[in-house]
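One structure is given below, encoded as structure tokens.
Every chain is named by a letter (A, B, C and D) in the order it is written, and numbering of its residues begins at 1.
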Amino acid sequence: MAGNSYGTLFRLTTFGESHGDALGGIIDGCPAGISLDFEAIRKEMQRRKPGQSSIVSQRKEDDEVQFLSGIFEGRTTGTPIGFLIPNTNQKSDDYSHIKDTYRPSHADYVYEKKYGLRDYRGGGRSSARETACRVVAGAVARQILPDIKINAFVSSVGEIFIDKPYQALDFSLTESNAVRCPDAATAQKMEDYIKEIRKQGDTVGGTVTCVIQNVPIGLGEPVFDKLHAELGKAMLSINAVKGFEFGSGFCGARMKGSEHNDSFNEDGTTKTNLSGGIQGGISNGMDIYFRVAFKPVATLLQKQEVLTNQNTLIEQQGKGRHDPCVVPRAVPIVEAMAALVLADFYLINKIYQNH
Amino acid sequence: MAGNSYGTLFRLTTFGESHGDALGGIIDGCPAGISLDFEAIRKEMQRRKPGQSSIVSQRKEDDEVQFLSGIFEGRTTGTPIGFLIPNTNQKSDDYSHIKDTYRPSHADYVYEKKYGLRDYRGGGRSSARETACRVVAGAVARQILPDIKINAFVSSVGEIFIDKPYQALDFSLTESNAVRCPDAATAQKMEDYIKEIRKQGDTVGGTVTCVIQNVPIGLGEPVFDKLHAELGKAMLSINAVKGFEFGSGFCGARMKGSEHNDSFNEDGTTKTNLSGGIQGGISNGMDIYFRVAFKPVATLLQKQEVLTNQNTLIEQQGKGRHDPCVVPRAVPIVEAMAALVLADFYLINKIYQNH
Amino acid sequence: MAGNSYGTLFRLTTFGESHGDALGGIIDGCPAGISLDFEAIRKEMQRRKPGQSSIVSQRKEDDEVQFLSGIFEGRTTGTPIGFLIPNTNQKSDDYSHIKDTYRPSHADYVYEKKYGLRDYRGGGRSSARETACRVVAGAVARQILPDIKINAFVSSVGEIFIDKPYQALDFSLTESNAVRCPDAATAQKMEDYIKEIRKQGDTVGGTVTCVIQNVPIGLGEPVFDKLHAELGKAMLSINAVKGFEFGSGFCGARMKGSEHNDSFNEDGTTKTNLSGGIQGGISNGMDIYFRVAFKPVATLLQKQEVLTNQNTLIEQQGKGRHDPCVVPRAVPIVEAMAALVLADFYLINKIYQNH
Amino acid sequence: MAGNSYGTLFRLTTFGESHGDALGGIIDGCPAGISLDFEAIRKEMQRRKPGQSSIVSQRKEDDEVQFLSGIFEGRTTGTPIGFLIPNTNQKSDDYSHIKDTYRPSHADYVYEKKYGLRDYRGGGRSSARETACRVVAGAVARQILPDIKINAFVSSVGEIFIDKPYQALDFSLTESNAVRCPDAATAQKMEDYIKEIRKQGDTVGGTVTCVIQNVPIGLGEPVFDKLHAELGKAMLSINAVKGFEFGSGFCGARMKGSEHNDSFNEDGTTKTNLSGGIQGGISNGMDIYFRVAFKPVATLLQKQEVLTNQNTLIEQQGKGRHDPCVVPRAVPIVEAMAALVLADFYLINKIYQNH
């Protein structure tokens, strides 16, 4: 109810501020008997953490996850999986200058108005550091979805777009560059642009595209809990996200029905896939694909006007170790949230799909 | 869990197939003591129902809602509000031809695969007729949100867009034309285009923009239940929706932080509003605005290939009384879902906002 | 949240006041493909309704249930099952005398204090008439639990108790007398006593015992959602219930561990069953049995002091058609609630039991 | 869904096995701005922990709770409160003998059957050690309920009962003896009896009575979420509980309505209180009181037959440091669960009570 849980059957609840002792979470509802691949979890954490390359934040976060329960002799026991990510590198003094001020386009102001106080050290609960817990849970969720492939990648940075359909891309190349764009030429342009933006002390937005393959038919519940509605909510819950579209998306709104309908093949697959793998909220076995829009990071290394809690405006020089462009690091987060959504529907479907 | 409820505190649960005896729902969690304006509810139902003009479906649905409980002497009692919308105009024979076939880009195929059977009369549960219950509940929800103004309108049909910011529009004109576009010149173009499309037996998509004004600061819960994430889910749960963006949306992903940040005024309002009235998932008191993409209706009055349950493809002539363009009728549905989301957060905030 | 739903996967939401137009409910989460036995549902409704014999209320309630959705050609479709029970025999004038008064040990007073108003016609939402919806849903729930046998019966009325263990009873005799006590001699004593109580214009309490057999091992979730904890909540939610015990119950609190432990047989069954078929909140395959205490009905056909809404006490003569003893009619309600609890855990277990 | 959360608005989710690295939990939904009394929390933990006196288990558990988030400068921030209780004194070797065996009246057997494996070190998740997290959360919950007084005490051990109504007891004496019985003479008898039982290597059951005073009118939701139904579920979810009754309880089932009804005073209070402070599921402002039955602890320091996972029966000598009687340590757990229930309804009531 207070917003810190995701999912119903495969349910993640998280806690933690960016500058407290630790972040952590509880995964409740993970089936028993799964031999967890801890290396896979560690690898996802590495992908999310800052300081991986010159185009992302140079903060150092070790992001070592400690599993405290729910696992015995390497296998899940069916009891809740508690985990902890200690905050080993909090530098509270980085943030002391914002104690009495509200930064533009941050959550400082609304937290203080809503709760009457706020943990002003860093972003507190609204920091993107919170997404580390999502990545842990997503990496566990993927392991109960063995055959489903989830591949996200950066599809645009600022005005630089991949100009190919996803089918023309080789997802194995996504990790081959710092931007996480599987098209090498475009990746280079993006990287150059991000470096330029960084020099300006500025930031830039971008989009992440995610493709989910080998999805069984039948995932998703009709009416309010449509599969794409939950995917949309999951993506929009990630910091800095401003939009979500799946299948034909906003382009579909410009089309005619005779262009948009996906004709069947005799085996139930479809010749085209403008539907994006989902009909009436339920997966139809075709690829699911969607696109997520991220705004530019609000923290600039420039002078900006900030509001004080005395209702005056003062100029403040941004500082710290922030990302000039958030989308490369958003890639594993998008995948993690997709995995959480799928895991939940996969478990629900064990009940409702009439085999 | 099975997808037929929306909301947590102000909670709507619905039932009903397009060709059963009735649709209906239960609103649980409506506060006591509210003098309901039944005329306002009736008016919203009128806006949604087919047959209002020449550019929408000519089906006749009386859509009279009967309230069965939870209201005494005109006021809500705090007990659940049960309501019924009888299906007075079901023409099952319109649909008998689809008993053994699956129409392209409909939910027929996935329902049958998921559940092992389906109510083949019309769209069954996946019919947009289901949205009638949303409109009833949304019209009740609005009445616990007295000062908040929710105005949706058609912002594009096919390639025809309103080329003005919403601030330049007069929402009182939305109902003055059949398209529900508050810009008269654009509305005329849209109407002409829809008529042309209808003659072709074709359909066309479009977008609905929604503006919410006078929102108190503090609505929305951090992390997973961000206000815009719930708005996104609510909109994506409406039939035919393919995308959602709020504030700067997908355009924001092309921008730099120095362009995108909304500078404060001394009173806590902001000079610009690319954030779309929401920071960190919580309303900041500025206008909330978002845009919803609807694909073209899949049912065409043309010949199309359909899949039979014997795994063959046959040609079928579409017939019936369908909408050539769904967006005009989607306007009250978008508003209703927005009202449901806001009502839920408004009630939650009674607990969590520290006044 | 507002208390009108029961269950998570097999979820019943109800509405309706005793003197409104209708009661009704929605069953969401019933699996698809079940051929419903409507006669079985009707029969359970008959067992619950008043006027069946001289020892229960002589109100006439037809209690015809109308199913409005979720069923197609006799089978469940996986979509929500909406149902309606019209109130055909409301006599509001029976209750006009209580408009401005609060009856002792009724909910009149607390409803008015909580909600600021109340539907004073009869018990409104707090009337036991509400349990009709539970019986409908319970009768559906039983049909997804084919091999599990649920048998409730009256085990005491006032000071008259069955003095045999349940194993010595023949449950097929429960319906052979008006009291629903499977021991004929005790049933006769109970019936005589209830008739005497009725002549006095008084009422009397009693207990219902319920035995559930053929339960698979593994139902129930650890820690907070233990099987017996949910059974307890379900029973305590029935009007007039004051206590719940299972297995050894309150007697167990007097025993020593060496007397109480249930030794195993080699096949995993136990030699004794003081545990009542549940260990650590999870069914162990032995019979589940529990006992529910019902207080005497508060409405007396005698003079009683009532409180007015002007804070004065006045004498009022009780009238109407109330039950002198509620437990005979409570038997099918206890069974229905047990079925709802089991159905929910049965569905959950499809996910969590590691087969 | 998997049973490790309690509450809806004030929501506790827990994790942890008795012999893992740590237990812990997340409290989500605690309002912001509360200055937490950490000493009060520590004190409740002390009351629960073993080794406090000669009549309880001599295990040493430090039970130091570490708060990791949601608190800033001593006050709650409205974000989730994560906490950790390290297991500093696990002696896994105490339990190695039960790896391949199932102890009578323990959860070993059903966990293994349900999940296909179990953490055999101690009780794992089914250990009463899990209740430490409940006590932490309950101690926080009490601090949002400032005027409500919750007093539990041991009302019986075996056949030894307090023979006075609770009104004749001085709750300030509860902590004055090892049994937590506020009647000194009875406490002495109980203590002597428990020592005798311990010498026999046996255990004994008992009851805890809880009295809640200064409850505002209006807590509890009608129909399924009645206040006493939730209290019942909360109590029945505690390890070893076999029964729950409130107000007149099982005695009420023997009474006549003319004896049982609670007549009003002119101020809305009642002359008697057989209702136990709750009418129709909603608090009426009178004292709430209930009684909870605990079975004797199943672990005996005697020889018992156990089942092996090879389906043979062998004799095993119980060993370890278990409680001869669980009820003294159950007192703070009962209070904690009562506080959790009340906190949840107290928050819900902020929405639904029409002031």
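In this section, a contact is a pair of C-beta atoms (placed from the backbone, for glycine too) under 8 Å apart; a residue touches a chain by one contact, two chains touch by 3 or more.
Note that this is a predicted model, so its numbers are computed, not measured.
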Contact-richer chain pair [B-C vs B-D]: B-C
Whole-Å gap between the CA centroids of subunit C and subunit D: 26
Whole-Å separation of chain centres (CA-atom averages), subunit B against subunit D: 46
For subunit B paired with subunit C, centre-to-centre distance based on mean C-alpha positions, whole Å: 39
Set of subunit D residues in contact with two or more other chains: 1-5, 8-9, 14, 29, 32-33, 78-79, 114-117, 125, 222, 352, 354
Chain contact topology (line, ring, star, complete or other): complete
List of subunit C residues in touch with subunit B within their complex: 1-5, 8-9, 11, 13-17, 20-26, 28-29, 32-33, 66, 68-70, 72, 75, 77-82, 84, 114-119, 124-125
Touching residues (chain side subunit A, partner subunit C) in the complex: 9, 29, 31-33, 78-79, 222, 347, 350-352, 354
In the complex with subunit C, residue positions of subunit D that touch it: 1-6, 8-9, 14, 102, 104-107, 109-111, 113-117, 125-126, 130, 156, 158-159, 197, 200, 202-207, 217-218, 221-226, 228-230, 232-234, 236-237, 239, 242-250, 252-268, 270, 274-276, 279-284, 293-300, 302, 304-307, 311-313, 348-349, 352-355
